[in-house]
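Common to both upcoming complexes is chain A, partnered first by chain B, then by chain C.
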Partner chain A sequence: MIRHRFLKASILLVISAVAASCDKESSNSPGFDRGPLLENLGVNIIVPAYDSLARRAARLEEAAIEFTETRNEQTLGKLRDAWLSAYVAFQHCGYFNFGPADNLIFNASVNTYPISRIKIDDNISSGSYDLNAISSNSAKGFAALDYLLYGENPDAENVVELFDSDDEASARRQYLLDVVEDLRARCDAVYERWSPAGDNYLGTFVSLTGNDVGSATGMLLNGAIQYCESDVRDGKIGIPLGVRSLNVPIPANCEALYAQQSILLAVESIKGLQNLYLGKGKTDGVGFDDYLTALNARHNGDALASVIASQIDLALTKIAAIPEPYSETVEQNPDPAMAAYQELQKLVVLLKADMMSALGILITYQDNDGD
Partner chain B sequence: MKFFFPCLFLSALIVLSCNDDDDSGPALQVPDTYEFTRNGQSSVYYGGQTDRLNQTSEIKAYFQKGDKKEIVLDAETLLAMYENAGGDGDGNFSFTSDRQLKDKTFPADVAFFEDLFIDAENASVAGLSAANGTAGYITRKNGSTMLVDANGHEFTQTFEKGIMGSVFLHQIFNVYMTDSRVGDEVENTELDGANNYTPMEHHWDEAFGYWGVPVDFPNNTQNLRFFANYSNGRDPLIGSNKMLMDAFLTGRAAIVAKNYPVKNEQREIIYKGFELVTAATAIHYLNTAKELLGEGESSFGEALHALSEGYMFIRALRISPKKRISDATINEILETHIGENFWELPETDLSGLDEAIDLLVDAFPELANVKDAL
Partner chain C sequence: MTAISLHSRLVNALRSAWYEPTPIAPLVTFRIVFGLMMAISVVRFWANGWIREFYIEPEVHFTYYGFEWVTAPGPVGMYALFGIMLASAIGIMLGWRYRLSAALFFLSFTYVELIDKTYYLNHYYFVSLVALLLCFVPANRAFSLDMLRKPTLAAGEVPAWSVTILKLQLAIVYIYAGIAKLNAEWLLDAMPLRIWLPAQSHLPVIGGFLSTAFAAYAFSWMGALYDLTIVFFLLNARTRPWAYIAVIGFHMITWMLFPIGMFPFIMILSTLIFFSPTFHTRLLERLAAVLRLRLNTIPRPDTSNTTKILPVPRIITGFMAVFIVIQVLAPWRYLLYPGDLFWTEQGYRFSWRVMLMEKAGYVVFHVEDPITGKRWDVMPGDYLTPIQEKMMSTQPDMILQFAHFLEEKYRAEGMNDAIVRAEAYVTLNGRGSRLFIDDQVDLTQERDGFRHKKWIVDLNQ
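The block that comes next holds the complex of A and B.
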């Protein structure tokens, strides 16, 4: 039963959440107009990211329908590709964890992992499930598809058989279709909320130009930094590595565990952060780097804007250097992963303490670990 | 039955707060019972911990129905209770609560419990007789049946002792007794919202709540739960009741008096005390298992029960960030000296269990004099 190696040292990483102390006369940062920043972030980054996700989710649904109708290794391959493509698109959206995504509990309802094999297996065999229930989050979404499309024996022939001739093949096909439909509908819904053709939250977003907690920058940065801390640094890298469990690694907690694409997704996720920070969508527009430059924010004598940009680059390089499959790396070769984790940790401190302080924005979230 | 000889064993750990008051803080008002007040109202609350002890009891009772063949165990039901679906374990708990066991589990062990639920369901559905390599039922000394896995590990004990280590000890050791919860910098002046306690007081109380003793322990030893029961079981030989109760009482009083050096001393006693109770209890079960294995086949079911308990207490030793035994030694005991497969413990040569006990005693030398009596 003891499967893990237990490393001796336990590292307690203490994050000093230095919240900005509402100093400066910062209600209207002199020399910087947040209007164009919000316009660029909304029009050039957020809405296109959700649009891309919704389109890829629609293709995923088409591929799932095709696979359930014509079950062979070729249609399975297309379905797996469509799944990964949509999963990559999601990595760029996770940071927008406020407004519509917050109201729809979007992130948790499409990407909760690890999944519960008990729930998924039981849902398939009983045919009785409610994917809208919060308790179903660990039985659906991208991670459930990882389990369904790869699973413990990812050999394509085996997976096709499970959907084609296994005793529960028909129920499994139905479950696949239901999970994919749920995912596609949720991706549509969050896009609709943002889209100017839909509920136009974009219009609301660009109008909230203050820097108080209810402003667009306040909400976006709180959502994004919390996501970076909990979901990227911890979820994708740290928790499987064991940083929350006395250095006992938890390979089962890797994202895309069965498909063994954890690192690819983590890299995409940092690229998403990079785009958001630099204001880069299809074009390179106004970003937080420009905002920090306008404020002349410094960090140990250097421009904070470039310190953060370099740190993002460094984190990206270190994550990309982690060998896949991550679930084996955490047990057999943890050093590259620990190196990446440490760079992510520095990045979180720069964003959460230095950047937020320079921008005069309060961190409003806290670790929720009550009794 | 074992005989417990009166023993004058004095644990080196008992460092009571009465000597050594070299700090300048105000004198401590240490009460006799775990009752503290502010403005005439209790300032102690650990309802969340009590809920989790109750959830553990009810899940254990569910496993026991499976042991007695009254029900067929269902993994989804176990999972629903473990994560307290719907606030009442999906209708399986007798009470509602917004607390759950799963999100307080040592993160690396969540999969351990979920795998256990799956294995338990499979064994229960199959309904076979247990044998080497076959999960199933085996009869205990009192004639009742219990369900064990293919290696002879009893599901009920693996669950209960697993939760004691991976939730209760984990929460005490890695959450509530840490600097982030009861360190000197934690808020201890302002009350926590509308509650009648400061955050530091509350965190201390929450650790106490996981112990499972009544507030007037050890004068009152009725209704002891989980670790309280084992503290009390080992008490005649290692003095664990007073050691831990005094530490909790003194530490809490020190928090009220803002005497942090004394509070921090008590924290160390709490770490060492729980670890010692766990190690001593492991030895107790290994001794019991030796005796039962020596009785031959008729006692084998009972021996599996004792081994399952002992195995999980040893496994629980991993959880302390300040442990005195190394992970390598713990693994060596579990994998080599006891072994994953209890069926393969040779009846004629129990030297593996003796070696396991010796390694535990090496790590906890204060148990050397009592190791045979435990």
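The block that comes next holds the complex of A and C.
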């Protein structure tokens, strides 16, 4: 009987304690429905981003055909603009490195850099190459076009000559067309996979509302943060700066090395991250900031949602302050780049530790007893 | 009640719990379900590809202090170890070469656990402890293949210690898990459940409820109450059926909400040991009927012949006493260290601290060549798997181990005495991420050990 009384007393104690603590707490964490978040991310951000990339890649192909047919500085200029425009569009898509992009190995097959000049030159000379081979990733994509359209001597007259009257001009034109076609086809393919009119991965994505590794939030965030770490912080800024190579700068590893547009692309890529985080596409919808706000996640007294938003802004400002061409900056004036790198580092900590922790997203399938 | 009669009652209770004969049936059920669950666990681990992912693919492993000699034996060796584990688990279940099976299972399982602390789970520790106990208890004296081999083994009764020790083991797990929950963050802030439960808001029916603060508080308090009291309700025959329903309910809820693996099922089946011998005898008879076993597999307790009762060697009683005392003391060792236990994790493992904290971190290593003064960054992800990186980033001893791994790596490349500093940020139970390790300290100059790690930054600094 004593135990029964103890049990009843304990239950009463618990209920009253819980009720007491609830009075002031219950307003703090209303439920957050991940459905609308996924809907907005998919419909308003991911699919339009891939759509825009596919359209710009198609315009790039048209410009390339026009240039190979009518080779002059004007058509080259148009081609270069179309290339940069598509490259900028890609910067917004790199984060979606899961699902279709993962299956198609999309990122690596359109934006591997540094490219291999030897491989590209050989491919042009020999005329025999298979752009579908994984080994060809370093001989195609945006970075290969950077080399083809600018190269060592980016002077327009010189580049037109290479495509017009050089010994290998015809082979070079063919290679340009093949690389552009491969790029355009890949951008089409990944869009097709997502598009509701195509394979409708969008529908799958929106339906995976869980919080495990295979859920939409889990896949997206694990992929996006990984991309932010290795492709943005390291790839675009850190590696050329030498942070991974005994502090010896590697200017040749800059993105858009020959066109000298590394910083412009890096800024675009952070804008892509910003849109993803804020849920901003054509309209400003539900984003991770809203999710964190709904969970009332804090960071040392401040709202985590705004701490992350400010850090993205800060990283953006610092990157924009790096002088172009980046390949010269890393050797002659590394301080602004180092400052940007450090802000990116802080951003990665906030995303990978604080945000993932607050959202309760799992990073592996392993058993876990939470210790 | 006088002091003497209390004393003698206590002695009597201890004597009956340890030396008196008790029917073997509960022990036999325990042996069978444990062997079965372990066999299933090994197959599941294998089928998930975890042998390769956890023990073959990683370039480096985080060994336990004092067990640096434990290494992963390569692909063939790893699969052989798991093969032995599977065979011996089946051996335990069937009672075939039982002692050898139990010993092999204990050794292979524990060896694998010691390879890498990344994968430390309290339930793996529990399995190692139980497997060790099974090496000693005579669980094969009924309903076993050993009996067919050697009929003289058959016994309807065993000395009570062999059942008592398993109940004690379970009691330690639950009660210490309960005590661990008696802290301000769990009870007053409902952390980390306030982070984990809302993440389950997509679940049908209960999803909305889980997002409420009420749910987090209710689960926290109920969980603590459950852990602290369940053993006593299981011990009492009158409350036992209700308590067992609570056991099933509690563990099934944790199984639904968290990626907790086999643990809920292991606990649900292990706690059957608290049921009466009559219950177990009937259970086994039914099992025998289902399996169409005609042999007299469960000898009836022979009350007339008390000489058949196995004496308890002093060494066993002594060993079990030490075994229990160590386990009772180990969870308190954290008191010997300054600082916040959850933050420093000094004295955290092997203490039944389950589901207590949401901790995540990020660490970059800054390496400096002392001769040229050149500095660069190393991302641990280049050498570690995602799970290793995640676990390392919040555990100081692992960060230290990785710093030493880097020092050795650079030494092999001809750079003596590389300076390795860690820049680590950790968020604990919803606090914002903050500096975790003193980023000025050259970790290659620090040694692992049981002494306080001064280079952990104070949580509230």
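We take it that the second predicted complex is superposed on the first by the 333 of 371 C-alpha atoms of A that agree within 3 Å, B and C clash if a C-alpha of one lies under 4 Å from a C-alpha of the other, contacts with A are read in each partner's own complex, and residues count from 1 in each chain.
We take it that a residue touches a chain if its C-beta (ideal position, glycine included) is under 8 Å from a C-beta of that chain, and two chains touch if they have at least 3 such contacts.
Since the model is a prediction, treat every value here as computed from it, not as a measurement.
K.L.:
Contacts for A:Gln345 in the overlay, against chain B (first) and chain C (second): which applies, first, second, both or neither?
P.N.:
It touches chain C, and chain B stays clear.
K.L.:
Taking the superposition as given, does A:Ala358 touch the first partner, chain B, the second, chain C, both, or neither?
P.N.:
second
K.L.:
In the overlay, work out which of chain B or chain C sits against more residues of chain A.
P.N.:
C
K.L.:
A:Leu246 contacts which: chain B (first), chain C (second), both, neither?
P.N.:
The answer is both, since A:Leu246 touches chain B and chain C.
K.L.:
So, A:Ile46: does it touch chain B (first), chain C (second), both, or neither?
P.N.:
neither
K.L.:
In the overlay, answer first, second, both or neither for which of chain B and chain C A:Arg117 touches.
P.N.:
Touch partner of A:Arg117: chain B, not chain C.
K.L.:
Which holds for A:Ile270: it touches chain B only (first), chain C only (second), both, or neither?
P.N.:
Neither partner.
K.L.:
Could you say whether A:Val232 touches chain B, chain C, both of them, or neither, answering first, second, both or neither?
P.N.:
neither
K.L.:
Using the superposition on chain A as set up above, list the residues of chain A that contact both chain B and chain C.
P.N.:
Common interface on chain A, chain B vs chain C: 7, 10, 14, 242, 244-246, 248, 369, 371.
K.L.:
Show which residues of chain A lie in contact with chain B when the two form their complex.
P.N.:
Spelled out, the residues of chain A in touch with chain B are 1-2, 4-8, 10, 12, 14, 114, 116-119, 122, 135, 239, 242, 244-246, 248-250, 252-253, 369, 371.
K.L.:
Could you please specify the touching residues of chain C with respect to chain A in the complex?
P.N.:
Contact set of chain C toward chain A: 48, 50, 54, 119-123, 188, 190, 192, 194-196, 198-202, 207-208, 210-214, 216-218, 221-222, 225, 229, 232-233, 236, 239, 258-263, 348-349, 353-362, 364, 369, 374-379, 381, 386-387, 390, 393, 425-427, 430-434.
K.L.:
So in the complex, the part of chain B that touches chain A is made up of which residues?
P.N.:
Those residues of chain B that touch chain A are 46, 48-49, 75-76, 79-80, 83, 85-86, 99, 106-108, 110-112, 114, 117-118, 153, 174-175, 178, 180, 202, 206, 315, 318-319, 321, 326-328, 330-331, 334-335, 340.
K.L.:
How about chain A: which of its residues touch chain C in the complex?
P.N.:
3, 7, 10, 14, 17-18, 21-22, 25-26, 28-35, 209-212, 229-230, 234, 238, 242-248, 295, 297-302, 304, 307, 345, 348-350, 352-354, 356-371
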